[in-house]
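Every chain is named by a letter (A, B, C, D, E and F) in the order it is written, and numbering of its residues begins at 1.
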């Protein structure tokens, strides 16, 4: 199996920048994918902004006391540090930390460098050290739980950009990562374009349905879309998405 | 066993709107109830406001690949959606999600509809999708952890308004749910009125004791109340709750 | 083994007030200590401020239904309450709650009293009740998860100021606790002075390296420090830490 | 949805009495079912014998201190006890214990009565009390872990023969339960006949392939079946399953 | 609170040697005790025999790398080793291992010495090393899971014969421990005599009821005892417990 | 880092065939290794015999619905199946199953083939299907818990003989695996010879000490060895290990 690590198209990126991870999981479920959401990970802050980009991966294995010392950590060929310099601009660094928060999968110095290099964000099923400082860099980052202990206490970097598991989800290099204010979803690369279209359509329909619900429509009549509500939506779109009448104010 | 699903009295609701869940657990412990707090659930935001109301329940069981598809989810008799239309005004929707966060127990469209219908809030031992949008509706909601994947991935709605377990606590229809900035407690219906009185009394005494402590009283002398401190409190109340002398400022 | 419960020196406190827990774990790892970070605990709010002080401990064991009632909780010799009065000014109250969040390890009345008495903060591997009110006192507190149920539901206080485990870390009376916006680390008492020096040095070097990274230096050339980057840093310090040139603005 | 609680056909039962649960999961995976094995449950003893029969269910919810006492447990309409008398001959009692082993889902008296009544066996995601005595009855039983505390300590029976979750798997009344020396699988009722045929075929082919492997055939050439190995197998069956040459003895 | 560490009476020991832990939990539930069974612990082998005796406790805290070395482990004042020499004849050694199986709570040398000294058995919420060899000594031992790593890797002995928690259950020195083929229960010391009487009565009634069930009596009519079945039992006992008619053989 | 995948020497193998995993962990702790025991894994049966050999690894990642089907499982280049044919004679197959027991890491057909090919045994932090049949092959195998569901349901083989984590322990190709009746330990390859010598010495001393303890020696005087007891042991060895006097029989 070969991996497409080419950047994704601008239009797909634009679409995915607007949608929620929930919309993406719906579209993937229709194609039979039930295990695509990285359960248990959260953004450092809900306001950090949307994350979209192809995955570049780093894999950890457990540390061994003689190999994983502060001294060895500082060597130039330490893969943890090499990953920070090699993750491509526009990509998302996905770190398989074996689900462990015993030690840091990344710290603020590394986040600062990634930000400077144009990396889009970082996702791990472990945790970070210096989380407040990482947040200050503006780099969208997702983790399980803060993990300030030194990396070498529990983790050893062993592979760059191979297929990994992260939070129980398969992530192949080049898969498209989407993160919003709640969490992260992984789209198999070959489906990214069509999922982006479908998720955006669902997202826009939901905004429409929300207007109906606020005006008293039953959930049974508009969400998920019925044939009738979908037809009405299509007409509304065709009509140029006219404004809804204002909500009645409770006196 | 029959369940009282009548609305609770205005005075009981008023009292419970003021107290903390901690006050309620104390009052229930005195009556021998040790398992009433829904451990591990948290409000979407601490500022979402107090939640009080009788429980209306929805129970999920695990999904099956052939039954739980996006197509079936949209049917009008899907109990998940029916619950949103049938949960009574003034009630709290309690969702038994088997403690699972593999898929969403509710999303923002449903929250919007519940809010419109006058439901007081939602409690689940699973999680929601679109949590930021749910929060924006102003509906007080409690969950274990965000769960954006489509409901049908892991959960199947199987019963409305029967007795359920939620976060390990028994919840019978009509039991009174109280949620504050920390979490949620369930009061057996027949005890709601007396617990409301006792919890409010404890809450008000604590506000008094806090004033003492800030002025140097030992915890041993005022909290929990001693016979002496209680007598002093009663006098203070009888005297019209006069203002305490101002706190000395550290120079 | 005897424990030094003397206050720590002003200079060590000052140094530790500046550093991150991540810096401390690095310095301890160099000395072979891999289990010093209290994993899974978090500050009530990241803004609560730094916590530094020698540990004074309280140990809980499981409750028994006949011993642990609301009535017994109010007795003057209840060790939970005695701890609040005896924890020394300047110390940190470390509560071994056996990792349980079934019941509260502390509430707001107790926090208020500790604050009044000059205690620096509280750390537990269980949880608190009235967490919003505790936060309002300004006392830096760390916990696993909020736990509003009455203490007597699940926990019995059994020992004051003995050696305990907290979140899997050994804590001896007098060990120096350091908490920041992420979490808590425990420094064996006899190492506190030297760790403070080393951690502060690392902290200050990192601030320097961050400036380099923001201007394009590779992580391989400045973090962790190389002999060359360290020499440059020492020169920069000797030169009076001159300001870096301003960051170029992206046009 | 209606449930077929009719007994299964003799031929399907005979087939399923021979196969392994692993064979059944393979056949179900081919039809898209990935969540059918009750992970984490084990037979009381691997020698207890194969279990096959349609599911009759009992569901528990958490206990409440005032309702769930030893006195109430003894009442004639306690559903836990009624289940023991109503579970049909030839069926398997499936107990949804919410995955909890805090209290017993069944004891030896009940097992003895089920055995006497011709029930085939019991499956729970909780545990039993008096497990050695249950084993002595000869009734095939599966559980998560022994749980001798009195049922009323933690569990309340709330429903008979409705759809339940057990060990995270959906079980509808009438679904066909198959248990072997390792564990338990649940076959959706409408698929039972065809799964029985396919699983038995796989089981018999495996016995053939084992003979090949013991004589040196590569796993790549016989398992899973290749078109060539399957053709050879079919010929071997058509030839009346002739005996293989004896294994060479290592000198 | 003072602890009675006197040996228990011969008659109480004799009674408890016959009953199941399930019988004991029932009798304690009637008195309001719901947390007395050490959930998750199992005998090394179901055939190891009944365990009865007053608790003598050993408490562990987490290890620290500089204190807990193989060298320090060998010192004469290491409390782990002292416990083996001081646990009284006739007592049960209860080891609070904080629920951790990262390192051994005991090994075969220690078990051999305890056996020689007349200690009745050992219970821990951690695990043992050399479990097969411990089993060979004939000493009844209960654990969570085998834990062969050296004790000093993760655990430090800190206290002898104080109150502890073991598997979440409070154990005070002198409490009476009862272990059977399934697990372990802890009886508060002051209740041991009456619980022994009641549990034995229940045990003997159950043996009687089993005979009824094997002959076709409904569970509703004999278990738990009804007033009628209890009267019949009392008559049967008064009549000298006559033999039941033989079971009919299925032809 | 390069890995030595040469077979280990006959004398080291012979020594390790005699010792317990507990002896090995002690010897490794003396050299600073605290994370070498694969906690939570157990032999299929305690009687399966000792396992010694260099590690050959197979790594799994999570399955994806479109890639991991029964059809793809049967392809000749499926790494799971290739591993069975390529694991060298004399080696131990170590399977990194990510700690998951959602699907089988191996079945009986594969075990039969490994046995035929002269592989020593298999270790996984997941589980097997057909465990009773695997046991019947006589191949020593360790797992976390039986996992009969088809591999493709949850796991995808991604790498042969690279460094992996197994049960949280780092395993590099060629590391020496030792399994006994309790569990499994991993010895870093470069230490295998010296650890074998030291562990065997400890094992033999323990057999000697057991004789002393059975005759009344305090644990403080013989285990761990004191200088005096060690000298006595050396003399006893030098004297040809004479028989101890028979144990007195309790009359």
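Points to keep in mind about this one:
One rule holds in what follows: contacts are C-beta pairs under 8 Å (C-beta built on N, C-alpha and C of every residue); 3 or more make two chains touch, one makes a residue touch a chain.
Bear in mind that the values here come from a model prediction, so they are computed numbers and not experimental data.
Shared contacts of chain A and chain C, meaning chains that touch the two of them, come down to B. By residue number, over half of the contacts seen at A-F repeat in one listed pair from A-C, B-D or D-E, namely B-D.
Copies chain B and chain C of the same chain sequence form an interface built mainly from non-equivalent positions, shared numbers / all numbers used being under half. Mean C-alpha position of chain A lies 31 Å from that of chain B. Each chain gets a centre from the mean of its Cα atoms; for chain C and chain F, those two points are 40 Å apart.
Inter-chain spacing, taken between the CA centroids of chain A and chain E, is 50 Å. Residue positions of chain F with contacts to 2 or more other chains are 32, 34. By the document's touch criterion, interfaces exist between A-B, A-C, A-F, B-C, B-D, C-E, D-E, D-F, E-F.
Residue ranges of chain B in contact with chain D, taken from their complex: 1, 32-35, 61-67, 98, 100, 156, 158-159, 162-165, 168-170, 188. Interface of chain C with chain B (complex): residues 69-70, 73-74, 76, 81-82, 84-85, 101-102, 104, 107-110, 112-113, 116, 129-132, 145-150, 152-154. Residue ranges on chain B touching chain C, taken from their complex, read 20-22, 25-26, 29-30, 34, 36-37, 39-40, 42, 46, 181-183, 185, 206, 209-210, 213-214, 216, 218-220, 223-226.
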